[in-house]
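Two complexes follow with chain A in common, the first pairing it with chain B and the second with chain C.
Moving on, here comes the complex of A and B:
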C-alpha cells in the first residue's frame, strides 16, 4: 500500500493539461484584442477550417466542463436559472447561456460568430439560436443528416455537408473580410490528422496489462482534440503523451499496482467528480476503454481537406446508427479484455443516454459481463448523489469479485 | 468462550444489528432509528441486542457493516447491501431467485443463482419515490403513524389513483384527494399501489424468477406487500422480520471473513 501512495496514478502529460487550457484561453483573449474574430463553436464543427481562416474557435461545451471541474460553474447555472432557464435543460447549455447573460467577463471572450452543426445533439441548434437572440451575434447553422449506412454517407450526404462548409467559407470571407487559403487548410488538416493518429495509438496501448493509463488521464487528455485540432501544440502534446505511455508499457507500469478489473466507461465524464474514478481504482478497477475518449479522434485526408472534414462531422458517434455503435462496443470489449461496463446515464445528454439500456443488454448477452447504469449529470454537481452512487459501485464491484 | 459475529446495517432510516453464533443461529437482534449519528445508533443498537443476552461484547470476534453509514462504523469489513441481502436470504430461503428490497432511501431488485451469487441487480434512481421515505412523508402528511398504514390499507374499498411519481407532487395530489372528501384508507391504498407500480417497473428489468422474496423495512407493511404482490401477480416469500435480512447477511459474511482470516 505504501508504494501505491508514493506513485502517481496520473501521467505527466495530464498534469500539463491545466496549463495548456489556460494558455488556450489567454490566446483567445489576445486574438480578440488584436481584432481577430472569435467563434463560439459546438464540438465536432470544422475547427481546422476556422483555424485556416484565422478565426479563433472556443467551445462553450468545453468551457462548461472546465468550469465544472474547477468548481465555479454554479454561478453561471444560477444566472441562467434566474433568467428562467429550467434545471432540466442540458447543463452545458445552461452554463453557456448563463455565461453569456452574465456579461462574458471570464476566460472565454465574447463571440463574433456562432457556429454549430446539428450532428450529434438536438439542443445545439436551439442553444445557438438562443445565444444569437440574446447577443445578436451572427449565426451559422450547419445540418448533418443522421448516418444510417456508409453508402448513404458516400452517395448522398457527403456532398451536401461539403457545400455547407463552402457556404461557411463565403460567410466568413464576407463578414470578416478574410481570404480563404487552401494551403493553410491543408496544413491544419495535416496537423489535426497527426494529433488524432497519435491519440488513437496511445488509446490502443491500453490493451496492455496492466493498463498504462486510466480514466483520469483520458478524461483530461482529449482537450487538445476538442478545440485545438490543427495546431502544432496539439501534435506536440500527443507526441509527448505517446512517448510516456510507451515507456510505461515497456516498464510494465500500470495505473495501479494490482489491476483486478478492467472496465469500460460509457458516457461523458462527471467533470466535478473525478474522485469517482479514483474510488474505482482504490478497489482495483481501472477504466481501460471509453467510447467518449475515442470519439474525438478522426483521421483526415489532406488531399481531400473539405471532404474529410465533412466526413468527420458526419461520423461523430452520436450521428451514426445504433448498430454501428454497438458493433464498436462489442469489438472493443473483446480487444481490451473488459470485465465489466459502467454506463453513466446523463441527465443532460439524452442522445447519449437513451440507447444505453439496449447497448448494455447486448453486452450482457454477448459477453456475459456485468454492467452498472447510474444516473447523474456531467456538469451539475447538484444532481450527484455521492453516497447512493458509491453504494451502487460497491455492489457492482462485489458482483465482479464473485465471478 | 463462544464466538459471536455481528452484522450491522446502518440504513438511511434505521440501524439494524444481528448477532449470530457459531452455528449461524440468530441469537439476538435490534432495530433503532438511525438519526444523524450512525456510530451512536450502532452502539445503541448493539447495546440493545446485547442487553437481551447474557454475553460479553468481547465474545463478538468479527463485525461486518453495510448500508449508507457503513464506512462510519467501526467494523472489521464492509460489504454492499446487495451482497448482504443475498446472503441473508440464501441462509433462510435457498430457493429464492429474486429479491425485492424496499428500504428507507433505496429500493432494489436482485437476481441470485442457486448458490446465492448475485447475477444482476437494479436500484431506484436517486429520487425518493418508491422508497420508505415516500411513505414516511405521506404518513406524516396524513397525520398517521407509519405502523397504521397497513391496517388502513385493508379497510380500503376504492383506492384512489396517484399519478405523480414525484414525492412533492404526490403530496399535493394527496392533499387534493383529502380535501375532496376521499377516505383516508383509499388514499393510503392508492399510495401503496403507486409505489408498487414504481418498484414493479424498476424490477421488471431483471425479471421475477421464482421464488420471489420481499425484504426491507417497507415489507413489514402488509398493505404494501399486498399491493406489490398483486401488481407482480405472485405470492412472495416474506421473512418474519424482513427488516433484518441485510444485517443477517452481514453477520454471515462476518463469520465467513473471520474464518478466512484464521486460515491465512
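Moving on, here comes the complex of A and C:
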C-alpha cells in the first residue's frame, strides 16, 4: 500500500450521542426513583408499547456495547464467568449477567420486569431466563416466528404476535396497576415511525459519492432507535442528523477526502475497536452500507398500532428468511455501488455468523466482488487478534486496489 | 426389513440403504419437536438426523456447535437417500442450519416453527397451525395424504412405542438396576430410525433382568441435549457408573409423555403434546426442565448428575449454571462435562467421570 492517509470526519450529531446516552440512563434512574416500572428488554421488543404504558425500557445489549466501548466490561465478564457462564456465550449476555450478579449499582436501574421476544436469537430466551433465575423478576418471553415469506406478515404468524402483545398489555396492567391507553400508543407509534423515516432517509444519502457519513457514525447513531423509539428526543436527534447529512451531500463533503473503495460491513460492530473503521478510512475505504444500521428502522402505521409493532418485531433483519435477506443484500450492493464486503464472523452472535459463508458465496457469484471474513467478538476485546486482523485487512485492500 | 438393533445403531447407513432398496420414502427430521406421527400417517418413514459418522461442516464457523454442524454435513452427504427434510426451530445453529440446507440442497426442506415459550394456549394454537402447514407440505411434495384415520393410527403406534420405552426405562426406578444407559439409548435411537411396528415388536420381545454388576455402581443421571454416539454412553458407564436416568432428547424427553385425548381433534392433541412436554434446553420455561430433572433424580434414586454439553452449545451452557444451582440446594452433586470432539476427548472425559464418581463414594 502507498501509506497514503485520508482525513476522517465524524458527524457533529454523532458527537452528541454520548450525552444523549447519559441523559437516557439518568432518566431511567429518575423513573425508578419515582416508582415507575423499569423493564429490561432485548432490542426489537415493543418499546413503543412500553412507553405508552409508562414503563421505562432499558436494553442490557446496548449497555454491553457501551461498557465495551468505554472499556469497563471486563469486570462484568469476570463476575459472570465466576458464576459459571462460559466464555463461549454471547458477550452482551455475559456483561448483563455479570452486572446483575454484581449488585446492579451502575447506570442500569434494577428491573421490575424482564421482557423479550425471540426474534434475532435464541440467546435472548436463555439470557432472560437466566436473569429471571438470578433476580426473581417477572419474565415475559414472546415469540416472533421466523418469517419465511412475506405472507407471514399478514397471516396467522402476525396474529400470533399481536395476541402476545395483548397478553403483555394485560400482564403489565395487572402487575403494575396501569391502564393501557390506545391514544398514547398511537402517539408513540407516530414518533417512532418519524424517527425511522428520518434515519432511513439519512442512510439512503450514503449512496452519494463521496459518502457523507461512515461506519463510526452509523454505529453510534442507531442508539435512539434502540431504546428511545416513541420519544420526541429521538425525532429531534434524527432531524438534526439528517439536516447535517444533507448539508454534507450538498457540499460534496465525504467521510474522507479521497474515497477510493465503498464497502459493505456485515455484522455487529466491534465496540472496543472503532479504530478498525478508522484503519479502513485511512486507506481510502469507507463503509457505506451495513444491514445492521438498517435493521433498527421500521415504518409503522399509526392507524394499526399493534399490528404494525408486531410486523416490526417479526421483520427485524435476522428474522426473515435467508432468500429475503440475500435479496436485500444484493439489491443494496448494487444501489450503493459497493466495491467489496467485510463480513465479521462474530463469536457472540451465532445466529448472524452461522450462514455467512453461504451469503459470501452468493455475493461472490452474483457480483464478483471480493470479500473479507474475519473472526472476533463484538464486545469481548480478549478475543480480538488485532495485528492478525489488520494484516488480513491490508491483503483485502490490496485485492481491491488491483482490480 | 430384518436388522438387529445393535447393528443398526452402529451403522445407520445400512438401514438407510435397506430403505432405499425397498423403495421406502424416508423423510429426515432434526429433532424431537417434529411429530413423527404426521410423517408416518402420510406413508413416509421418519428418520431423525444424527451427528454421528460426520465431521463438522466447512460451511459453518468453528465456534458453532459441532453437533449442528455435523448434522448439516450428514444432510449434505445423504441428500440423495432422503425424499426431504424437516428442520425444527430450536437453538440458533439449528435455525441457521435450515438456511444453509435451503441454499445447498435440491430436496424439499420444511422449517417447523416451534414457539420457544411453551406455556399457554397461544403457543399450542400456533404450533397446531404449523402442523397443518406441515401436512400441506407433505401432500404437495410427496403426495402424502394425511387422513384422519391414518393420523389416529399413527398416534396410536407412536404412543405404543413411547409407552414401551418408558416401561423399560422405569425398570430402574426406586433404586432398582436393570437396564443400563447404553441399552436404553440404543432402544431410543432405534425407535427414531426403524419402522414403529418393527421396533415395537422387538422391544416387546426383550426381557431385562436385574443387573447385579450395575447395582454396585454409582447411580447417575445424565443431563443434556442429544447424544447419538453410543460410545459416549459406554465411555461414561465404563468409568464405573450406571446411568439410571436422563433428560436427553434422544432419551426420556423423547418418550416420557403420550398424546392424550386425540380422537376429537388429533392435530390439536399433537400440538398440545409436543408443546407441553418437558422443554428442550433452548425453550422456556426453564423451571419445567429443572422440575423434570429433580423428578427423575428422585424417581431413579440418582446419586449425582453429569451435565453433558458441547463446548459451543449455548442453551446447555446457560442451563448448566441453573441446574447446578438447583441441585446444590438439594445436595445432589453435579459435574459439567464439556467437550468439542468426543472421539478425541474420550480419555479426558473418562478421567473426569471417574474422579466425579470417586467424590460420590468418598
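By definition in this document, the second predicted complex is superposed on the first by the 395 of 403 C-alpha atoms of A that agree within 3 Å, B and C clash if a C-alpha of one lies under 4 Å from a C-alpha of the other, contacts with A are read in each partner's own complex, and residues count from 1 in each chain.
Note that in this section a residue touches a chain if its C-beta (ideal position, glycine included) is under 8 Å from a C-beta of that chain, and two chains touch if they have at least 3 such contacts.
Remember, it's a predicted structure, so these values are computed and weren't measured experimentally.
Using the contact criterion defined above for the overlaid structures, shared-chain residue A:329 touches neither chain B nor chain C, since it reaches no partner. In the superposed model, A:133 lies in contact with chain C only, and not with chain B. For chain A, the partner touching the most residues, choosing from chain B and chain C, is C. When the shared chain is aligned, chain B and chain C each come close enough to touch A:375.
Residue contacts after overlaying the shared chain place A:289 against neither chain B nor chain C. Using the contact criterion defined above for the overlaid structures, shared-chain residue A:391 touches chain B, although it does not reach chain C. Residue contacts after overlaying the shared chain place A:358 against chain C, while chain B stays out of touching range.
Of the two partner chains placed by the overlay, only chain C lies in contact with A:156; chain B stays clear of it.
Contacts of A:84 after superposition on the shared chain: chain C is touched, whereas chain B is not.
Common to the chain B and chain C contact sets on chain A are residues 357, 375.
On the chain A side of its complex with chain B, the touching residues are 357, 364, 370, 375-376, 385, 387-388, 391-392, 394-395, 398-399, 402. Chain C meets chain A in the complex at residues 58-65, 89-93, 95-97, 99-100, 102-104, 111, 113, 115-117, 120, 122-123, 125-126, 129, 282-286, 311-312, 314-315, 317-322, 324-325, 336, 338. Per the touch definition, chain B reaches chain A in the complex via residues 68, 78-83, 105-106, 117-121, 123, 125-126, 205. Those residues of chain A lying in contact with chain C across their complex are 83-86, 88-90, 93, 118, 121-123, 125-127, 129-130, 133, 141-143, 145-146, 148, 156-157, 160, 163-164, 167, 321-323, 345, 347, 350-351, 353-358, 362, 375.
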